[in-house]
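There are two complexes below, and they share chain A, which is joined by chain B in the first and by chain C in the second.
The block that comes next holds the complex of A and B.
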């Protein structure tokens, strides 16, 4: 058992543990914190895979930005608000079916991808390489994503304006 | 030997940082005292040298109170979440050409990412206290830290463009001839203002504005949990001053070829100057209003930082300036 395996076990247990806490918590604030914990553990796994840039961006955007935004929103609600009522039975069955199909799809993709062939030595991509691929090869999808974000931003402003009136 | 240093190094650094915090607090009170024509603490020990030690001892032996209606687990978690990132960011800081713990390729981004976790700790601390002043302080703090993080990150993009790397060692190596404070003067000004705000210090100390919010997010905290919040704040002063030195003041590089002093001494001199500047600003400036705070970040600092990026990219192509950009 080498150090890498040890670190991976700890990080994956943390990530799954955060997700379990997220599902089992009663208070919304606890859910947000456990979600942030899961995001942070995933960043650790990215670090193990030598994807430094991805790991740091994961911390910056998910563990930092999105979690803070969620907590910020939740803070404005009353802390006494307990758990919402139990959802309907058929609702749970639909969720179960969706989850199982999602699991099957993910498993099919995993077994079709060449992960299980012996991997050749992978060097960690530098920030320059990621940048040039992003801006040359995938320039149009990248710009489309930024337009999508801009539209979402304008939409949020429009919604906030409407509420003011 | 190397393995021993790997495990002992962080412990030694922790003690250095704790020693720094102890005497930074004393120095701050002394400097502000002198600027305001007072003497400052002078009773405990010679020249008041043991003042902070006595203060910390008092905090440690205080009763540990948790409000009845507080969220107990989160209340206990918040000081830890606020402190741990402040120490974790020091891992990538190159103090001299040899003293550094982790030389990772995205060191600069690592600092920015990890330091944003502290905001979660402050927010939870404010929320879990179940107190309206704490909640308001936490909200203000989160809004402020998010707003000022953007100009902070954008102001260093000019340096990243010039060096072509996010690695802090390469950034220092690129400053052997000219420190980035000269070509990146706009970026430097934006960075200093945004970093004072990220440190929650006067004139941007709205999260703990004692005259209006009692104490802000840590109003319900006492004893060693309060000490942890304060510790996090001062460790961030250590980290931010180191980062300013590394990014803009040439790190361990000696000015004017004065290499008879070792690099670490130059680093400490520049670092001490930055820390003194922070005290000076605190003693001089009044606190700004909360509406001015947001407007200043979004309408002044952000456009300036963006303009700095554009200017840097343009000057990178002009023949004479390519020496500096």
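The block that comes next holds the complex of A and C.
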């Protein structure tokens, strides 16, 4: 229990710090690295929740794929000069106030609701169990996800290709 | 470890992502702030699947589908962004004021 709490504190501080640096840094590489850091910390938290397969998937797709996609996206569209140095505008204050009130409401709801405790301790699900549920009970959503990925692949190629003159 | 700490962490990450969506001008930053929000939702799903009132494996399965959809969304969103950048020569989200190709 104690070691779990320690690991959770460190990982959550890493995750929140990575997210804050992602929003505040000016350089592109710092942004990408801090976002990848957040994704890695979330994979560690999935390990703490005993979702090992999901943690590996998170490292593969988010820390591997989406971070690289982000670097490509920022480098292909060059940011305008002077845009990060712009002064803090009024709409940013408005959005900050809105989000703080939203956050306070969520926190009050989370801490006011009764503590959920699991009825019985379940053993952590194995990869074999996940596979059998994914291919039996959720077979149709699985196939639909494959079609979605195919459509997204073709759509991305069609959208990003250069127009033939 | 209580469920509430995981929910609080997810709420903090969601709010940071929401702030990024509402206050940033660069469209790439918007796209990846949305990814951050989706990650917070995934964390909620996994936490409930482990520590909820009825622990169940279905939360993890839902998370796989969410990750799939998020990856597809990032790829298509980036493609749209790059074709918009070719047309408008800017990546600022408030310059995109027309849907006409």
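As a convention for this text, the second predicted complex is superposed on the first by the 112 of 165 C-alpha atoms of A that agree within 3 Å, B and C clash if a C-alpha of one lies under 4 Å from a C-alpha of the other, contacts with A are read in each partner's own complex, and residues count from 1 in each chain.
FYI, a contact is a pair of C-beta atoms (placed from the backbone, for glycine too) under 8 Å apart; a residue touches a chain by one contact, two chains touch by 3 or more.
Since this is a predicted model, take the numbers as computed values, not measurements.
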>> According to the stated criteria, A:155 is in contact with first (chain B), second (chain C), both, or neither; which is it?
In response: second
> Looking at the overlay, what does A:20 touch: chain B (first), chain C (second), both, or neither?
Replying inline: second
>> Contact-wise, after the overlay, does A:52 reach chain B, chain C, both or neither (first, second, both, neither)?
In response: first
> Any idea whether chain B or chain C touches more of chain A?
Replying inline: C
>> Going by the contact rule set out at the top, does A:72 touch chain B (first), chain C (second), both, or neither?
In response: both
>> If we overlay the two complexes on their shared chain A, which of chain B and chain C does A:90 touch? Say first, second, both or neither.
In response: neither
> Which partner does A:62 reach: the first (chain B), the second (chain C), both, or neither?
Replying inline: second
> Once the two structures are fitted together, what part of chain A is touched by chain B and by chain C alike?
Replying inline: 53, 57, 65, 72, 74, 79
>> Quick check: in the complex, which residue numbers of chain A touch chain C?
In response: 1, 4-5, 8, 12, 15-16, 19-20, 22-23, 31, 35, 38-39, 42, 45-46, 48-51, 53-54, 57-58, 61-62, 65-66, 69-70, 72-74, 76-80, 83, 91-92, 95-96, 98-99, 102-103, 106-107, 110-111, 115-119, 122, 125, 129-130, 133-134, 138, 141, 145, 148-149, 151-153, 155-157, 159-160, 162
> Touching chain B in the complex: which residues of chain A?
Replying inline: 27, 29-30, 33, 36, 40, 52-53, 56-57, 59-60, 63-65, 67-68, 71-72, 74-75, 79, 124, 126-128
> Along chain C, where are the residues that touch chain A in the complex?
Replying inline: 1-9, 11-13, 15-20, 22-29, 31-33, 35-36, 39, 42-43, 46-47, 49-55, 57-58, 60-61, 63-65, 67-76, 78-83, 85-86, 90-92
> In their complex, what parts of chain B are in touch with chain A?
Replying inline: 71, 73-74, 77, 104-106, 109-110, 112-114, 116-117, 119-120, 123-124, 126-128, 130, 135, 138-139, 142-143, 146, 164-166
